[in-house]
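Each of the next two complexes has chain A plus one more chain, namely chain B in the first and chain C in the second.
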Partner chain A sequence: MRPEQQGVEVAVLVSVGRHPITGRARRADQDARGLELALGLERQLPGSRVNLLHAGPRGEESESALRGYLGMAAGAGMGLDTLSMLEQAEGSDVIPALAEHLAAAPPQLVITGARAERGEGSGLLPYALAERLGWPLVNGLAAVEGIENGVATLLQALPRGQRRRLKVRLPAVVTVDAAAPEARQSAFGPARRAELEVTAVAAEPDRELAEWQLTPARKRPKRLKIVKAASARDRFKAAAAKMEGGSGQVLEGVSAEQGAEAILKLLETEGVLR
Partner chain B sequence: MSEIRRRDPRREWIARNRLHPEHLSVLAEQDGGVAASEWLGPNGVVRKNLRAIGFIGPNGVKRIDRSGAQQGGQVAGASRLAAQDSRRNVTIEAPAFLVAVVPDMPGGRLSGHDKDLLGLARRLADADPDRPGAVLAVIFGQHKGEGGGELKTQVFGEAGIDRLLHLDDDAYAGFAPEARLAALAAVERELAPRHWLLPDSPLGGADLGRRLSLSLGERPAAGVWQIEADGDAPLGWRCTARGAAESLDIQRPLPRVVLALAECAEPVDETRHAAEPLALSIEPPATLSRIEDLGQVAVDPAGVALAEAEFIISAGNGVKDWEGFHHAAKVLGATKGASRVAVDDGFMARDRQVGATGTWVTARVYLAVGISGAIQHLQGIQRCDKVVAINLDPGCDMIKRADLAVIGDSAQILAALVAMVEQQRGGQRDAA
Partner chain C sequence: MLDTLLPILIFAALALAVIGAWRRIRLWRQGRPSPVPFLQGLAAMPRRYLVDLHHVVARDKVMSNTHVATAGGFVAAVVLMILVHGLGLGASESLGPMLGGLLLAASALMFVGSLFVAKRRRNPPARLSKGPWMRLPKSLMAFSVSVFLITLPTVGVLPEAFLQGAGGWILALALAAVLAWGLGEMVFGMTWGGPMKHAFAGALHLAFHRRPERFSSKSGGEGRSTGLKALNLDDPGAKLGVETPSDFTWNQLLGFDACVQCGRCEAVCPAFAAGQPLNPKKLIQDMVVGLAGGSDADYAGSPYPGKPVGEHHGSPHGPIVLSPKGHEGKALVDAETLWSCTTCRACVEECPMMIEHVDAIVDMRRFLTLEHGNTPNKGAEVLDNLIATDNPGGFDPSSRLHWAADLNLPLMAERGEAEVLLWLGDGAFDMRNQRTLRALVKVLRAADVDFAVLGNEERDSGDVARRLGDEATFQSLAKRNIATLAKYRFQRIVTCDPHSFHVLGNEYGELGGSYRVNHHSTYIAELYEAGYLHFAPWKGGRVTYHDPCYLGRYNGEYDAPRNVLKALGIEVAEMARSGYRSRCCGGGGGAPITDIPGKQRIPDMRMNDVKETGAELVAVGCPQCTAMLEGVVDAGAEVRDIAELVADALVANALTDNPVVEPVDATRRPTGKTAEEVT
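So, the complex of A and B:
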């Protein structure tokens, strides 16, 4: 097999993030993790190429945030000194523009963050892209283990630190969240020198979003512990009660083997033994 | 005999009033043979048997309850039973519409998030009492109730489910979004529910919900945490959803597909629904999946963060055989935790401490070895599902919290447990 064929074409969709405390524009955390994953592919598959893609309005703030991604690739040498930017007016739908751009020159793997840090942030974009392009989608990626003959072996992150191995036929859309490897630092100089390749595209305004009311997030009310009691006596008991022995089973005066057997039975019914 | 207990307030009043002339006869009737504590002697003198008064409390101390709840010598045992049976039975024969819910069911049980979501579904279904809707739950794969048979469906009924569609097939096991989506599409074609509710959780609901909404051609509301009635909206409801990394509240009309956060509504606790099993007349078509699930990967339990570990074995002051403890953790594949004392004494690292000053854990199974259960430690394990305690002291607080407690020497019990697990695994390897 020729080594040139091993490399894959990867597109990383990046967005403008929002710092959770100051609210300033920054590189989005999940998207930066996605780019980190893509840069890690080069070590596995020499000859891979990464393209950065962004759709949205152009401004000074968003431009400096987007340059943060380009600063990550300093010295990676994967043709990563430009970022394709599809310029659109504020408040327009990015999905048709991205889908059109990806369909015109289809990469083998599209990596995105799970949710945007600005706007609606519903996490629907990767699903909508996969639906439009007709590609399979895998969410919550932790690592790419290998790509062979157009089939990628992926490690999906599950809650509670668990992992699942999946095989997916390329081309595919994958999303990363907080389980993916942390993004490297961004180098300032290369980020300043890098270029943004701006293309203006026709934009469809997102009318539904314009009709909604957006307000800064209110603190959610804490759920109260509701005591349902018929009489004042029961209510007092509930308020003043110390923790009582519940329905727990207590094995006293049994041999170590019997005790261990009971524990083993519980562990097996809960399915925590692997 | 009828199960319904009829109250006679006048008789109850007489039973409370020890000075009433009919007090004794009423008591004698109520007790049905239990020795009365007070009676009129042959010479017209009131005699009292003080030992027959009161009852033995939970700590072995005799208590006398004069509130009237206790009549004669015994506590009315029916009060607890009555509290359990206070749920109203609700059956909806001809629902005006359906509200479909697809719960996550982690570990085969309804999670707290699922129950909140079913509470939300009930709010949508019961909004108009004249034309109530039914809540349809679509469940994939095996489920475990708290009991078997009838009790199993009772768990679903008490969560507020009217119709239960249970799809148990190997095709839905593991990560199979395409097969599940095909099944939900079949439900949509056949039953056409008015609302689709899914949990916005990383356990699978968030993924499936977004796929479903796109295949239905709807724009979903993600991160919904509040709904309110609104006549102007197309479906009659407005919702408030979190957006932009939890920094925005989006107010919008409620769409057909809703992905709701935990605590979006109160879980059902006053009614018991029928949970009638339902089946699709047309089997969902078999799909050719482009994603192949190769199964879960063994992860190093020590590398899992303590706060999100699923199975924790935790050591306290009672552990003397530390070699044995570490070996047991390795064999069981559990993440190691420790109480404050074990950490202070230098047996475990500080980042392993469970409790108020350490990590608040959320394990499904928490195995506490030689931990007496200081209140700070019990706070740290509040959110654990099942707690197993191994301890020498039968009176300690950890035993009261535990679902299963074994009184005995921890080193021996752990050694026996390790031996059993190793034997089982050895047997499996031989068989394979």
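So, the complex of A and C:
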């Protein structure tokens, strides 16, 4: 470890998750993976500090879910015995509050899950936040390989297990999804003892959200996978191969009618329309 | 000369023993406070020793008699020796010969006992500790022989002049030296940490045991206490579970110190036999090392399989298990040792010193799970599932009754009351156990039992969470189950899961839920005896029965399953290890979840036991046992639950043709038969 490699300040944005089967509040899976990534930095960069940040309404259920993140700090050191909570009324826009808080004392790295498990869950928050702060954003992070002189070497996860190495100037916002390391167990004792530092912030009501009509999500229909491979070797190849465009077609300079016709034709061949 | 030397020797040894005792007591008092009825405990100690302890020791007749002779002879000899030689009563005209004679008899008895101890130490079985224990027979002999010889002149068998004169002086000095050796081991060593420590610590351990209710009582109380004690979760600042030896209660530390290293626990431990890194004896000795501080290098018994002795060390206020955060090196015990335990209680059942191994292991697991957040392998996932879905598999809790979609089971939510509440357990999500449940429903309907189920309102009993150390999740599940059960009226709970049976019956009480709970085998036996069930004669082959730990050792139910099998016309071919010595299937205590590797698998060993009986079928009474034993590859025997065997053997109720003998029973539905035929 070279001496100039100092620890970094990391902020992890955490949300209240929702269990996919029972709907109970819990630590959100992707955000917990984000925290796991942050906790792993201590090994590479001793002296790194992690701050947890949450914006939203305060309640018994959400508090116990947020404590789930603090329970991951058992024995990790890194100053993780508090969580900063920006208290807002239900239905407020969290982005201005988060941006203001982060801009006031900018960390070098902001880690967050790609998509929330409740509420809008559009996955737009990291983009909106990065835009507002004017920081670069990297999505689908698999690992932080190193931070040197204010430049982070990141490993980004691409589909089918591919990885891409990127260099990003800090501060930056990064998001993690299922490709990031699995979150460690949350321990009850440290979670219960930890403190929530609550700050009430000005709530800007999310007007657009208020106009929306929310309905429970439906599972998207999924195309049945027809296995054509005859041997194990073929199946393995099919599973490991890169996604191939193959039958794709790029239409350029066509009229709206021609385009619509092409789409209609595709839908018919796929059996979506009959 | 001996008249002056002997009192000095005796009282010096006693004084040193008192100092040692004080030091030892200070070591125990490092533990957390735990109030005990002091005088009551001391008063109960002789009975606990003579009845309960000897009930365990007497399972080995030779050793039991050896111990009676040696220990009885020793206690009598010490008391008499103080009177005769210490206080000089031997010289008195009236008492001298009588006391001296008794002392001769006592030391002779002790000598005979020590001969047997010596014989056993010639080729000691692997489970016995060696080291200082190997010198014990010699020390016993030194004490008994020297006391015997020194007392001979007192009673006049030898002339007083025998120990006088030049030769006599040398003889007297030699005798005194041998006696000093004997006193050193037997009196001084008792409190300063020699092999005889077990007598001192053991006596106090019996008096101040943390489970006084486990001892039998004069009024005929059976004396069983197997439920884990609840962890107080009220204080948010408190450390949860046991991190350091001093986090045990003082009487737990005292209990560890009472260990005689007989290794009976080691001989019955399924994890040790499977080559997993656990040896109950070593674990208790490690706790002793921890409470005194030091390394385990002096331990002279079998190590944890695969872990050499001498690498671990600890102190009263140092951690027992190192925290997961990248520390190299070792503490007192490795985490995998604690996670190897199946909580089968075989060690506790066999321990002649009444040490509570399982309590200690769960106490330490509580710290690992609740404070370190370090439950190995699938542990974290199972606990997360229990928190989020109330069942360990993470299944949709509203699918708990899917297996019974066609059975039209009466729901408590609709009925409000029933004679019998059928507790399904998490086996409701397991396709194998669903067959057992369907069989049980068929049996209950055949016997026309008024029963109902909680259905989707039921949650996991919390057994696995508690034994994985997650007391918070256990208490959360238990409290919600208790609240649900409080809504309904029923006379008893019947379940085919011994784990639920144990938790509902023995562990919910402390949290405010007291129920009458029956294992299905108990209830079926009752129904059969009352004449509600009729069976076709058994036509299958040889059958053996596997006692589930949580039914047998935890709840003392050995007879009912055997009575049911007998009623089916089955003659049980017993395994060598059955009843209270039954070998665990490997499925308890979350062991399949934490899955610590060993040289072989516990269920494989159990199926070998089955094979030895030549049985084609092994009857079980537990979903865990069914799963574990059925998972054995190339097993020679079929695994069937008792409920399935009963359901298969059911024949039409003859009582309908013979209404005269219709017995009346509270568990019967009062009017009309509304049961539907199952299958």
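Simple rule for what comes next: the second predicted complex is superposed on the first by the 212 of 274 C-alpha atoms of A that agree within 3 Å, B and C clash if a C-alpha of one lies under 4 Å from a C-alpha of the other, contacts with A are read in each partner's own complex, and residues count from 1 in each chain.
Basically, a contact is a pair of C-beta atoms (placed from the backbone, for glycine too) under 8 Å apart; a residue touches a chain by one contact, two chains touch by 3 or more.
The shown structure was predicted, so the numbers you read here are calculated from the model rather than taken from an experiment.
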Check your understanding: Counting only touches as set out at the top, which of chain B and chain C does A:257 meet: first, second, both, neither?
Key -> first
Review point. Looking at the overlay, does A:216 come into contact with chain B only (first), chain C only (second), both, or neither?
Key: first
Exercise for review: May I ask you to decide whether A:36 touches chain B, chain C, both, or neither, giving the answer as first, second, both or neither?
Suggested key: neither
Exercise for review: Return first, second, both or neither, reflecting whether A:72 touches chain B, chain C, both chains, or no partner chain.
Suggested key: second
Point to revise | Partner chain in contact with A:166 - chain B first, chain C second, else both or neither | key: first
Check your understanding: Given the touch rule stated above, what does A:26 touch, chain B (first), chain C (second), both, or neither?
Key -> second
Review point. After lining up the shared chain so the two structures overlap, which partner does A:124 touch, if you call chain B first and chain C second: first, second, both or neither?
Key: first
Study note, to complete from the structure: Winner on chain A touched-residue count between chain B and chain C: chain B
Revision key, fill the gap. Going through chain A, the residues touched by chain B and also by chain C turn out to be none
Check your understanding: So in the complex, which bits of chain C are touching chain A?
Key -> 236-237, 239-240, 323-326, 369-375, 379-380, 383-384, 387-390, 394-397, 470, 472-473
Review point. Tell me, which parts of chain B touch chain A in their complex?
Key: 58, 67, 69, 83, 107, 144, 174-175, 177-178, 202-203, 206-207, 210-211, 213-215, 219-223, 225, 241-252, 263, 266, 269, 290-299, 303-305, 308-311, 332-334, 364-365, 367, 378, 385-386, 388, 390, 394, 397, 399-409, 412-417, 419-421
Point to revise | Interfacial residue positions of chain A with respect to chain C in the complex | key: 19, 21-22, 24, 26, 43, 71-72, 74-77, 184-190, 192-193
Point to revise | Touching residues on chain A, where the partner in the complex is chain B | key: 18, 20, 23, 115-124, 127-128, 131, 136-140, 153, 155-156, 158-169, 172, 177, 208, 211-218, 220, 223, 226, 228, 230, 233, 243-257, 259-264, 266-267, 269-274
